[in-house]
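These are the structures in question, set out in turn.
In what comes next, chain A is part of two complexes: it sits with chain B in the first one and with chain C in the second one.
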Partner chain A sequence: MNAKRTDFIATVVIDLIVASVVGILFFLLAYILTAGLPHVSWSFLTGATDAFSGAGGIGVQLFNSFYLLVLTMLISVPISLGAGIYLAEYAKDNWRTSLIRSAIEVLSSLPSVVVGLFGFLLFVVKFKIGFSVISGSIALTFFNLPLLTRNIEESLSAVSRSQREAGLSLGLSKWKTELGIILPVALPGIVTGIVLSAGRVFGEAAALIYTAGQSAPVTNFADWNPMDPASPLNPFRPAETLAVHIWKVNTEGLASNAAALSAAASAVLIIAVLLFNLGARLLGNYLYRRVTASK
Partner chain B sequence: MLKQYSFEETAVQTFDDKTSLAMRTEDMQVFYGSNHAMFDANLAFPKNQITALIGASGSGKSTYLRSLNRMNDGIATVTGKIWYHGVNINEPGVNIYEIRRHIGMVFQRPNPFAKSIRENIVYALRANGVKKKAELEERIEQSLKGAALWDEVKDSLDKSALSLSGGQQQRLCIARSIAMAPDVLLLDEPCSALDPISTVKVEETLLELQKKYSIIIVTHNMQQASRISSQCAFFHLGHIMEYAPTGTMFSNPQIPVTQDYIAGSFG
Partner chain C sequence: MEQTNSQLKNQDTKSHEWDTRLHHATKATHEDWIGRGISYFCIGIIILVVASMLWFITSKGIATFTQNHVSLWKFLSGTNWAPDQGQIGALPMILGSFAVTFAAAIVATPFALGTAIFMTEISPNRGRKFLQPVIELLVGIPSVVYGFIGLAVIVPFMRHVVGGSGFGIISATFVLFVMVLPTITSMTVDSLRAVPRFYKEASLALGATRWQTVSRVILRSATSGILTAIIFGMARAFGEALAVQMVIGNAAIMPKNLISPASTLTSQLTTGIGDTIDGTLPNNALWSLALILLLMSLFFNALVRFIAKRGQLKHER
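== the complex of A and B ==
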């Protein structure tokens, strides 16, 4: 077979594979949106849930999902940034480093239900924090750390060595070079990693059932003092997220319109994830342009 | 098959007046792991002159150059003494960051930071405590003028440095180094990635800069060495074979290996 023909066949096969991936994605999106959107209304988006049947709106759950995400990121991004910088720049190539790497890999392959039960026993029961946003975010941090650390390490390592040499040759310390010169260049890759892990956090249910809880007490959205028990910002209140709500409506819900409720909630969840991705990318691009002066 | 030359037969000039020197090395050895890459390097560099280090690929000239401002720390083991202003800077206790501010370096491939032209120059200055806006502005202008780049970029200082051409980027890297007000400037084949016109501009810049700085340049281009340098050292397989004023070296090389290299009948 000649080279031209081989190349043609390979191109067609690759195109077909890509088309099927994109096709499946669009089919799923279209299905979820068409099934769910007709049931979405303003009162559904903002209303309270009936605690017994699970019927009613998803306002609190929607807020909980975002709040949990933000809190999780606040905890996990700094930790994984430190770990990623350490692995990319400071770790020597020896058995200790490979031990750390395999530990991170093991952590990333833990089933989420195990992480959830672990969080339940340690934070909820042992530390007596109870079902709460904070227990949930710490459990989710366990998921995030391996992904984010790996991603940050790879983004940093991808920056050319000559940039590091330039920094060092000007008498900058290794740390200053890393933070001021390498990190800004690696920013787009890191933002992608954050977006990916945010999607996981949004969609996670199993680990949150045991840590953030399955109830969404009515909160007073006029009260923004995080210390008040009724405030939406109180990290110690139980917080059922949208994904947990979908699971609950389908398994334990007594509402007569459970199917419509979960379809609508799924559509909202997907739109929220898309909006978050878009927002994170825009922010990432903006920051990148600011620090690198490109266009 | 490479011709065999005796490493015993060398012709390395020395300088009696140590105060006229910018820096010198004494019995410097470099090892990459167990691989001995640089043998007994004894070179002295006169102040305010351009010294060229020439030799074939793998002769150890870049390795030698990178050792001078301790850029080989963590990569190779460097033993022996590196004298700079009466201090042996190859001691463990020496502040290498301070040293690198005095001994600047420009690399083979232009490596400006992914920042604006202005930031490229002031980033390291600010990190080293120069905070006054007026002084920063002055350093930007002076260093860019010194690198003969000012006229080309003075109206676009906030543009990304990556939007410059290769030759402009390399001159920006030179400007970035001299903005630190160093004493010695090390250049590692600074023109090898540039076109002939950019090369000429960089060379003119260096000839101008030697009035203020002592310059040591690695080059694989013998024409370049003869055009710009006052002193020239020839490296061969990790040994410094000959070191002489450039004119003498090219017109009247002392030992067979240099004669063959300059005549182009090497190996």
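== the complex of A and C ==
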């Protein structure tokens, strides 16, 4: 077999591989959307779940997912911003920094189920908070911190040195330079990273099963006092999210239409994640244009 | 005398004022202290989280051996998992985890390599515009959705094709294959792009075909990067919980073949930890499984570092 023929065969094989990978994605999306969308209706999206069989709507779960997401972001963005600034600006190139970096790497490579179990051990077993929104969102924060920190550090480090020097030469402190000059320039990258991580957090289930719990008590959506046990905002109530609901319906659910239910819930989840991905791209591009004044 | 004294005093305070300007911290310095404090505090939180995670899981995980006096060897080599009867043999789960991990990596690697070569060497344009979003979408699909599709499509398919229940290692392998594919692909793309341009140009100038260039020059010089990518994929497969748990059948018995129900460390953890009481042997045994997961994740981490170091040495030479 001569070289040209081998080259031709290899190219054909690679094309086939690529076609099958693309095919797999299209099959996945098409399957979820065709199996799920027919069952998605307004009453499904807002309705209550039957606590015993798991049948019925996903209103509470959908709310829980967003509520957990918002709380997680409120906790994890400031921390990873500070940590990212530390790594990009203050960290010296020595053994301590490399130890910190490996700690972050270890945290990011830990399986999410281990992170969830740690949250379970800390909040449910040790602190006796029980399965709750707050336990879940802190567990998700642990899961989210390393990636967000790395993203913020990379975005900050990518800003050119001259911008830093300009700030410092005007007599600004390092901190002011970072907040007032570097951060706005790095913002598009940071926002993209935050929205992408929001998609990840939104679909995460393994870290939540034993922290936010697997039950979604019916909440009173007219009651917005966070201290009230029936209020949807109460951070100490158990909160099954959409992703956990899909898992639960499939493994322990007694609903006769479990497949249709979880297909519909998966379709909603996928659409939400797609919107996050698209949103990240659009928002990042928009901010980039605003900040750099380029077209 | 008095006058001179006050004059002196005046001079003194003046020089003193001058002094304050030089020796006291300015507003900017104060800001910097505060900023430094905030950022140190944030990084401190992360370090605290990592340290307490390692400490808590380790101390919980070794309780099986220190409090319940199960021998480590029995734990690792025992094939009988019935914690309520005092039988703590974790080998079925350990084998299950390694089996699905290696199988998924073996299936996924050719696909990932092919896609990465297409994206970097054959059609970089279409790669960037079309395949990049495809890979990103595959990463973005949540693991429960993969599990659900496995349950709704792959399990019935396997039941139809090979018989049995359809649950088992092979179904888990297929689900994990799709899940690790984007991880391995995107990291392989990065390492192929990092190969210096002139390597490729030199090879093509010698009259090598594209495939010869790819297989003998580009893949070879990107080997350490590709290995790293595969290990990252394996780490993801090893730690994946729900998608595997949904399709593997969750029977804590020694896997006899690829098509009968089995279990992994993660699947046993997700199904078991809620049903056991804190501090009892069945609960401690599950924490020991979690400790194995933790140690394996550290091992994968160390392996990546080792390979990266070797790769660097090679380039320097």
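Basically, the second predicted complex is superposed on the first by the 247 of 295 C-alpha atoms of A that agree within 3 Å, B and C clash if a C-alpha of one lies under 4 Å from a C-alpha of the other, contacts with A are read in each partner's own complex, and residues count from 1 in each chain.
In the analysis below, a residue touches a chain if its C-beta (ideal position, glycine included) is under 8 Å from a C-beta of that chain, and two chains touch if they have at least 3 such contacts.
Note that the coordinates shown come from a computational prediction; the quantities given were computed from them, not determined experimentally.
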Practice problem: For A:173, select first, second, both or neither according to whether it touches chain B, chain C, the two together, or no partner. | Solution: both
Quiz item: Of the two partner chains, chain B (first) and chain C (second), which one does A:287 touch, if any: first, second, both, or neither?
Solution: neither
Practice problem: Quick one: classify A:181 as touching chain B (first), chain C (second), both or neither. | Solution: first
Practice problem: Have a look at where A:165 lands relative to chain B and chain C in the superposition and call it first, second, both or neither. | Solution: first
Practice problem: Have a look at where A:78 lands relative to chain B and chain C in the superposition and call it first, second, both or neither. | Solution: second
Exercise. Could you tell me if A:70 is touching chain B, chain C, both of them or neither one (first, second, both, neither)?
Key: neither
Exercise. Tell me which of chain B and chain C touches more residues of chain A.
Key: C
Exercise. Please work out whether A:48 is in contact with chain B alone, chain C alone, both, or neither, and reply first, second, both or neither.
Key: neither
Quiz item: Taking the two structures together, which residues of chain A meet both chain B and chain C?
Solution: 171-173, 176
Exercise. Using the touch rule from the top, collect the residues of chain A that touch chain B in their complex.
Key: 160, 162-163, 165-173, 176, 180-181, 184-185, 291-295
Quiz item: How about chain A: which of its residues touch chain C in the complex?
Solution: 3-4, 6-7, 10-11, 13-15, 17-18, 20-22, 24-25, 28-29, 31-32, 35, 78-83, 85-87, 89-90, 100, 102-107, 109-115, 117-118, 120-122, 125, 142, 145-146, 149, 171-176, 178-179, 199-200, 202-206, 209-210, 243-244, 246-247, 250-251, 259, 262-263, 266, 269-270, 273-274, 276-277
Self-check item: chain C residues touching chain A - in the complex, by the definition given at the top
Solution: 27-29, 31-32, 34-36, 38-43, 45-47, 49-54, 56-57, 60, 110-111, 114-115, 117-118, 122, 130-131, 134, 136-138, 140-145, 147-149, 151-153, 178, 181, 185, 208-212, 214-215, 235, 238-242, 245-246, 266, 269-270, 273-274, 278, 287, 290, 293-294, 297-298, 300-301
Quiz prompt | Interface residues, chain B side, partner chain A - complex | solution = 69, 71, 97-101, 104-105, 107, 109, 111-116, 119, 123-124, 127-128, 158-163, 173, 176-177, 180
